[in-house]
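Letters are used for the chains, namely A, B, C and D, taken in the order the chains are written, and counting of residues starts over at 1 for each.
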Amino acid sequence: MSIEAEREKAGFWFSEETGPDSSISLKLHSILFSGSSPYQSVSIIKTSFGRTLVTDGKTQSCENDEKIYHESLVLPPLLKHGSPKKIFIGGGGELATARECLRIPSVEKVVMVDIDEAVVKMCIEHLPEWGEECWSDPRLEIIYGDAYENFDKIEEDWDVIIMDISDPIEAGPGIKLYTKEFYDMAKNKLSPGGVFVTQSGCGAVNNWDDCWSSIHKTLEGVFETVVPYRSNIPSFACPWAFTMAFEGPLGDFKTGVGVDEMIERLGPVFKGKQKEYEYYDEETHRHMFSLEKQVRKGLKEEKRVITMDNPVFMF
Amino acid sequence: MSIEAEREKAGFWFSEETGPDSSISLKLHSILFSGSSPYQSVSIIKTSFGRTLVTDGKTQSCENDEKIYHESLVLPPLLKHGSPKKIFIGGGGELATARECLRIPSVEKVVMVDIDEAVVKMCIEHLPEWGEECWSDPRLEIIYGDAYENFDKIEEDWDVIIMDISDPIEAGPGIKLYTKEFYDMAKNKLSPGGVFVTQSGCGAVNNWDDCWSSIHKTLEGVFETVVPYRSNIPSFACPWAFTMAFEGPLGDFKTGVGVDEMIERLGPVFKGKQKEYEYYDEETHRHMFSLEKQVRKGLKEEKRVITMDNPVFMF
Amino acid sequence: MSIEAEREKAGFWFSEETGPDSSISLKLHSILFSGSSPYQSVSIIKTSFGRTLVTDGKTQSCENDEKIYHESLVLPPLLKHGSPKKIFIGGGGELATARECLRIPSVEKVVMVDIDEAVVKMCIEHLPEWGEECWSDPRLEIIYGDAYENFDKIEEDWDVIIMDISDPIEAGPGIKLYTKEFYDMAKNKLSPGGVFVTQSGCGAVNNWDDCWSSIHKTLEGVFETVVPYRSNIPSFACPWAFTMAFEGPLGDFKTGVGVDEMIERLGPVFKGKQKEYEYYDEETHRHMFSLEKQVRKGLKEEKRVITMDNPVFMF
Amino acid sequence: MSIEAEREKAGFWFSEETGPDSSISLKLHSILFSGSSPYQSVSIIKTSFGRTLVTDGKTQSCENDEKIYHESLVLPPLLKHGSPKKIFIGGGGELATARECLRIPSVEKVVMVDIDEAVVKMCIEHLPEWGEECWSDPRLEIIYGDAYENFDKIEEDWDVIIMDISDPIEAGPGIKLYTKEFYDMAKNKLSPGGVFVTQSGCGAVNNWDDCWSSIHKTLEGVFETVVPYRSNIPSFACPWAFTMAFEGPLGDFKTGVGVDEMIERLGPVFKGKQKEYEYYDEETHRHMFSLEKQVRKGLKEEKRVITMDNPVFMF
């Protein structure tokens, strides 16, 4: 019998709420794993997007488009910095964020702190391509624990700090990693020329205010320059937002002029069949850093600042 | 990590169309197997109904209520006959119909013909309780092949003929097993006092005419007495119909008077934890054989006769 | 343009949760009204079941099968009593329960107390066939208010008390109408030979314990005889339970012998095209009052008693 | 009773298939109209996207984001041309495409040919804001009929030709409007400096090959310059593609430099509360005309050419 051959008739679906008034449903080809860790429910499934990590019912990473997410999260701060040596990753359980960092020869050390060891183990078992390039890289140190606490504890100046954590949902473990208090600490732990970046949730014209605009406003109270950007990741069901922040001027980073040369200077090393970035180049960069009028207006006019006492929650 | 612990958050569903205008959705706890045989798609899943066999997207048998279906299909003809020796089963892939037949000491021989060996193998692997009591029973012979053809070929007088086949859907393998031609042949192969029974699809006040009334009308053209009955099987999403037919008068079989004694005389043997029929007794029998006014009227007034040239199709 | 012609392509659905793990979806042909009263959300929609009253997202009554529900609720206590004069209805907003009572010539007075005037108005406007026979019947008095309070206040001995109220869901207005305290009061307000009946929620082999068995157990603590019964109402998605209670012995009421004559003696008057009960007769009665082995066992072994301090909640 | 107040409990949904393996569901607040014309099913509904036109089960235009679609479709060819006088619109039933054309003072004549008068009437009745600015504009002529046939028949040189038609689905009326034959005819009917544009379906990294790449390849066989672009329209559930084509070089149109001045020169006139384009400006333009690496590669490598004999069908 051919496995997965007749899924059309079988009627299995993965449904994900995308807001209080909407949901998407994907045909479910198989459930490779479904269980729960002390922190969240964890499943590895297969849909038309390929193998997919799902935590607490929300798509985290898909075989078919994870490179878009991870290149979008990692490359901008690395390009901005130019020659990063030490990188801190908050979250990053699929190990693909570490993979993109360790692809760069100048990088000497990557410390990744993820609270959920079970997710990392499941990804290693079921989604090996995500991170296998870097599992045994001696430059990588993985700490299982609270990212806030460990970040505070480690005495280090970071060239790049990458927050690859779940969206800020109520009671979720990541909530304090989106606060002014954490951003102040992050700024203090950046080396000169250092760059901070965080994934920032939904970024469409109808949901930039879920959490993105508040993250943006909060970072504006801490860093001299804050740069919002975005990529279309089909499996995420809406354009996805990121926010980069650093001291010093923006320059002409947004227009993308010179990005292809900057990538070449970073000198990423590809293994296996991959020969170059799947997604990122100068025109992609221009697309990512150019936002629609309504979104720019929305980010500009936001007044909410996220603090420990006044957190923000997206759907 | 506790498997299946957090299924509520995971958002996996099994959706089954129950008509052109309706469907039911069940939370999908796991997919134990999903593939396809030469005849149909076959899945074994787990929902709140327990482990479930699904073929071509339709629920066939659930851990939690399969006994209702199989006791309903098998007991009435056996009770009517009184001391059956030779039984023919058309279909019956889950082996639970054979199990219910072989539970009766008078039974000397059960021949089961199912077209789909893959279904039988999957049920043995994933749903062992369905049939393990009878796998090695020397009285059981399983033939993998076309039930019509094999039925025709086997020279035998049967005390009971049980049709446990898929609903008559277009191009489905079972379609000719619902025709007057087949019923004529069945009548000729019954021993004196023999009883024929067939599962007959949906039986609610709003869908008795899917195929049940046509089966009923067709059998009325062949047998002296035709007895429609029905059981509520929650996982089937509507009251389920069966039709029994034989030569000779009905007597007071419908009222259920004396059924408990008749069961005792049959002398079913139970193994393991089961000590008695889960579903069947005199009052249950009375419930099954008493039909609502609208349904009786509908069955009575049906004019369609199913023949090879004029088959009936349910949704 | 032909209204409702192309609903298949339109993709509109009415989805109703039928448990924590299941839901049904019906194609939605149109929304005739959708709003909310002070007590609940109220919609009148059209599906393949015809026009339908939906409150708080739950199907209450459908054009195509409301007669099954209302004949099942009203006829058993009226048949048991024999010549009812005074009837109290708790709830009954669609007015079809009153219609079935007022169809009986012996009935002199029906008092109906429903908390939600908006529902009654909407039903009169959009579902006129439900109750138009009785709107102007001088024997009917409608009180808009709390059924418990009004029941307590009205000084009357009732021949029949009919509870046609929403299921006991948390904080719902009807919750105290399912308690031992209310049943004690009801018993005291019945005339000699009086009969009490209440709708009792889901009644399938897999959900008789939602609330039915507790209602049954609670009534057993109050009345000498308690009779559970059930009807299949397709739009309710599971067999529906009712519970009748009275002083004195049961007799052979369950077998249905003589029910056709009892109906004739009640002498129901039909108007318009309807010439007789659509659903109810002796064989239907036998079906309704015969319950499966598992359900009988479940009702018998239930220990929960519903009191004001210890209410029961179904899904 | 407050209309639409309790929709959350009501359980009404609009589900739209977005591919063979996926669908989106939106809470359905109300159905303002549902019927069918000779050409398609037509509904006007209300969801969280506001009032919405749905034809054949597919979202066409939503109150909350129709401006993104219509500004994206109309402005690029008008900006490229600079001072358009005569514009042909194929399709355009909601009248918002005409509205955006007639906003420009240089425009002297707009001829719109839509096959479905019923859609236009429904939009005028239920979605008046879409087009009321232009209903009585003497520069607008609406012809109800086949766009191909009428386009062929009208003797005119057009400055801009705008194809605002349904996606090319099998047997749909618009299929021949996506062929090389039609594009050849369009080129011949453009005045010098004229610009052609067509909506082009889904444009994400995982579905640019539904029809966009074929439209692009086909236009490349006809016009000297072909410019693909895209906008994120939330209610369309994927980034939406457009394709512009003309004779002569592209220049630096893609970078968006100078677009704000070009808009000012066009001199759009806004009425009512609207004071400027909601969506379009230089940075938005840069976003629209910068495509991701994978998409550019996909468009470049496409080989399919759409002809009358070899049409393309998207899901």
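Just so we're on the same page, a residue touches a chain if its C-beta (ideal position, glycine included) is under 8 Å from a C-beta of that chain, and two chains touch if they have at least 3 such contacts.
Which chain is which protein? Per UniProt: A, B, C, D = thermospermine synthase.
This one's a predicted model, so the numbers in the text were calculated from it and none came from an experiment.
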| item | value |
| --- | --- |
| Intersection of contact partners for chain B and chain C | none |
| Between chain C and chain D, centroid-to-centroid distance (C-alpha), Å | 53 |
| Between chain D and chain A, distance of the C-alpha-averaged centres to the nearest whole Å | 33 |
| Geometric centre distance via CA averages, chain C-chain A, whole Å | 55 |
| Contacts with 2+ other chains: residues of chain D | 25 |
| Category of the chain touch graph - line, ring, star, complete, other | ring |
| Residue numbers on chain C that touch chain B, as the complex places them | 8, 18-27, 47-49, 64-65, 68, 204-207, 231-232, 234, 237-239, 255-256, 277-281, 283-284, 286-287, 290-294, 296 |
| Interface residues, chain B side, partner chain A - complex | 1-7, 9-17, 25, 28-31, 34-37, 40-43, 45, 54, 56-57, 118 |
